[in-house]
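There are two complexes below, and they share subunit A, which is joined by subunit B in the first and by subunit C in the second.
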Partner chain A sequence: MSATLSRQFGRPVVTMTLFLVVSFLIVPVLLTFVGSFAGEWSGVLPSDFVTLRNWREVLGLTETVGSQRSMGWDSILSLGGYTLAVPSELIFSVGLALGGVLINLLVGVPIAYAVARYNFRGKEWVNAISVLPLVPGVILGVAFLRAYPTLSGTSFGLIVGYSLLKAPFMVMAVRSEFESMPLQRLEESARSLGASWPRTFLTVIVPNAKSGIISGAIICWTLAAAEFNFSYIVWAKGTQPLALFLQRHISNSSFTKAAAAVSMFFCIIVAITVLLQQVGSRGFDTRG
Partner chain B sequence: MGTPSGHPDGTFSGVRARIKAGVTIVESIVDPLTERDRERRRVVALCAPFAALLAIAGAYPLWEVFRISVSAEQYRSVGFSLQAYRTLTTDPYYRRVAFNSLWLAGGTTLASVGLAVPITHALEKYDLPGEDVFVTLVSFPISLPGIVAAFMILVLFGNNGVLTNLVAVLTGRESIELAIAVSAPGLFVAFCYSMIPRATLILRGTYAEIDHAAEEAAQSLGATPWQTFRHVTLPQIRPGIIGALILTFRTGLAIFGTLIVIQTVVVWTLQISRELATGYDIQVAGAMATVYFFFTFAFTALGLRYTSAEVGL
Partner chain C sequence: MARITLDSIRKRYGETMAVDGVSLTVDDGEIVGVLGPSGCGKTTTLRTVAGFETPTAGTVAFDGREVTNVPPEDRNVGLVFQEYALFDNMTVRENVAFGLKMRGIEKTARDERADELLDLLDIGAMADRDPTTLSGGQQQRVGLARALAIEPNVLLLDEPMTGLDAKLKARLREEVGELLSDLDVTGLYVTHDQEEAMLMCDRIAVMKGGRIEQVGTPREIYESPATEFVSEFVALDAPDLPFVRW
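Let's turn to the complex of A and B:
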């Protein structure tokens, strides 16, 4: 490439690539959201605005039939004549994902600390195993069906599967937080003041890594709530996880209604992203 | 995990190393004498919960899958037979499925990492207004499952898609003829939708570590922007690019949800689910899972061993 070419066009071309790719990623998201309020979408752009029908149908506020079936509602709280009801698919996934996050916290925080703080033989292997997904969801699903035939389709099976699939993200988030802390100094100070090692870990180290742990938990939660591949293979009956609910709408429903279902999911992700930024984390950053 | 299980993979060596270390320190764990022993005990204790989850939810189920794939009977793990693997290697159908998986994942990996380099470069090197917003927007699709990525492609390129209809209006052709969402190119684009954000994420970590002084020196010595990138920046980000290629390729091979929505090309993961859906052929599905597992393990291990790649995801 000649000198002038690179000087003249290098930066515009690179910047243009960024704009085009960001548009490619985001324009369909915006269109979907806008389209979810449309009554009709068969021309270039959706039309017949503004209707909340799609959203009402998807959320189960309007009666629907057959494969277009919407969310059911569970009442979780009855208080003085008022009943607090929640969409069952949504709350089911929220619960499953929370269970997965809980396991992730228990397994992810300690191993992240081991890798960040200590030098030991086989450290690179432990590191690689803890941050690389072992197998994709489909294959773990097949393995679960085979190894735990009765357990795999239950909520517990889903939770355990999610926790293994999403553990790397927890380890990464927490590890990068640990790596930014003066671990050895912290540990030695606490120890010299008389705290035992377990107590140092639980009451000094872990609270100091709070923001990394919270952001790891949020990331894992988001990814587990949206987990499709594993759920698709092992899920048998009962309330569907959210991702299967989305797939049912994408495959069977009208375009605008599928748009509403997907938009509902976007809203959750956006809320989570805002939450992540509030925590002040480095979010999906991979290295400390 | 006590069995010398059939996972000579990352798990296995790591676990073996851990077991080996564990054996030598059994006494010192029970009764640690030196600070070094205590530190070992701590490392073991810290790794134990993860190892337990890995054993229960990962290694044991995969071992069972391996066992049924070499079983002499269809639904029980008894005896030894390579029938399922014979099917995989001799039936041209499976060869085609494997080929589909490789070219689709390989092609989309090259495209995604190829696009991620200029994206990251623009984000990290140029002072663009609203840079944080761009970072957020590029990262957003990471949280979207494959089915949603597929829906995004339908919105753009489907029969009803915006771009399809736009081109149809402009050229006067039928939108049905122009829709590419449900075709191999559509699938290619849908894969890229999921993979570009991940590749960008990995490369951003690499770019953050670049030595800026060297670049400025090159510039002030009269190098053009392209020469600076080619001879100063690129050598520094090469390990990151190789790491991104390995990890993005893994992502590409693992994609499944997208294929459930856009079922035009049968790849390995989709075929595994089809083996179960039609006739529940757990043996062939198990063999396919085993092959997948060894393949991804082998190329990841080789990639990390023989290149200077960095892995973060």
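Let's turn to the complex of A and C:
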């Protein structure tokens, strides 16, 4: 009886719920993407299709150098009247966030390893401190400026800040990966087979934690690239981090242009995620 | 292979004495079982031989040469664990060849040796597979091949059959037992399963509370237990064991 009930109602209900939730999440993204090709978006739905104007402007493909400059682009190539400019924010932000991820890898993986592998005095403290920077970016930003005034407004300051803010995600992702495998046994096997400790760590331990490290890197990158609060407080002048650039577009431009900027950001996130995944699985592949 | 000598090994962790004066000799080509309940110090003893624990007192010697302070990677010891602990980032063949790679043996030679061992263990067809796709019994064979590939001074087996089901256990016990005696392996076999120890080992050391209660052949242990603990611990439900090395 209950089996029939479950077959009749259970599965359709679960499917429907899943469908509704996914649609609820996807529709705004799709609508924004579609809207970025519209000339007008004053009502509920965008209209006046199809124009590439918004994308051209966001990507810096406008006809005049002046209008690009006004957007903050750097022109990199002039060809037959058209100037190709790359939004310097793009490269700058991708780089800043990747810099943060790099620091997180170098610091977070060993911390995760130490906490997962060893029992030592103060282990709980190390664990707590590595998760502590989950504090909001505003708080860290203000504290950061007070403590290191020389770093304020510098790219290095932003990179260090991003890595600090996002470190917990790296530590947590990698730690749970380490904890899901027989870490001590793996290490002891490799050592007994003649591998020194550094070699064991680099050729056995780290590659075995591959999936945790990749997902940690993706989470850290995405969150760092989109970090608004910390960027807003620490950034002073020069090229803007992506989050600030987006905010400027959203508050100062037409809705359709904002849609193009947001869509572009979305595309970058997808691209970097795929890239990190590819680099990750190649980089760890010790075969052949 | 080598003759392993443990002389009055003591290991203290803070207040507790994990191993309290263990002396044991494993002759060249002999498999000695270390049998006892959990917490009796058998795994600590094994880890001391491997070099992962430095004893508080006492010495470890391979063929008369003291190795007490030699790091694990320089002891040439093979380890097989209950958890298999295979390297998932490598193929089965690369797992087996890992120790040879660390010894600087070139690729074709080490692959050849790995394939030989895999064939010997009847899993030659799995050489290019990802170890995670293998069954528990197959993974354990890979672990054994990996440890044997370096031609270790001593093979240390830490509850190698504990995770396997009874039927597979019975088969592996027979096969691995024969293989180990064919290859003339010197081995230390840690287990809490008296039946397994009786079947696999030439001699058995029964441990309790960090000390050895009795050392002897399975027959001696079974027929004339030295203490009440030994007699209780080795009492078998069905003592009709066809492979026991009486």
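Please note the rule applied: the second predicted complex is superposed on the first by the 208 of 288 C-alpha atoms of A that agree within 3 Å, B and C clash if a C-alpha of one lies under 4 Å from a C-alpha of the other, contacts with A are read in each partner's own complex, and residues count from 1 in each chain.
Convention: contacts are C-beta pairs under 8 Å (C-beta built on N, C-alpha and C of every residue); 3 or more make two chains touch, one makes a residue touch a chain.
Just so you know, these numbers come straight off a predicted model, no measurement behind them.
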First, second, both or neither for A:S192, with subunit B first and subunit C second: second
Partner chain in contact with A:T222 - subunit B first, subunit C second, else both or neither: first
Contacts of A:P110 with subunit B and subunit C, given as first, second, both or neither: first
Subunit C versus subunit B, contacts on subunit A by residue: B
Which of subunit B and subunit C A:T15 touches, first, second, both or neither: first
Partner chain in contact with A:V204 - subunit B first, subunit C second, else both or neither: second
Touching partner for A:L151 - first (subunit B), second (subunit C), both, neither: neither
Touched partner set for A:L275, first subunit B, second subunit C, both or neither: neither
Overlapping contact positions on subunit A, where the subunit C interface meets the subunit B interface: 284-287
Of all residues in subunit A, those that touch subunit B in their complex: 1, 3, 5-7, 10-11, 13-15, 17-18, 21-22, 24-29, 31-32, 35, 41-45, 103, 106-108, 110-111, 113-114, 118, 120-122, 125-126, 128-140, 142-148, 160-161, 163-164, 167-168, 171-172, 197, 222-223, 226-229, 232-233, 243, 246-247, 250-251, 255, 258-259, 262, 265, 269, 272-273, 283-287
Contact footprint of subunit A on subunit C as seen in their complex: 50-52, 71-79, 81, 83-85, 87-91, 94, 98-99, 102-103, 143, 146-147, 150, 156
Contacting residues of subunit A [partner subunit C, same complex]: 181-182, 185-186, 188-196, 199, 204, 207-208, 210, 284-287
Touch list for subunit B against partner subunit A, complex: 10-11, 13-14, 17-18, 21, 38-40, 42-43, 45-50, 52-54, 56-58, 60-65, 68, 115, 118-119, 121-123, 126, 128, 134, 136-148, 150-156, 160, 162, 165-166, 169, 193, 196-197, 201-202, 204-205, 208-209, 224-227, 250, 253-254, 256-257, 260-261, 269, 272-273, 276, 282, 285-286, 289, 292-293, 296, 300, 304, 310-313
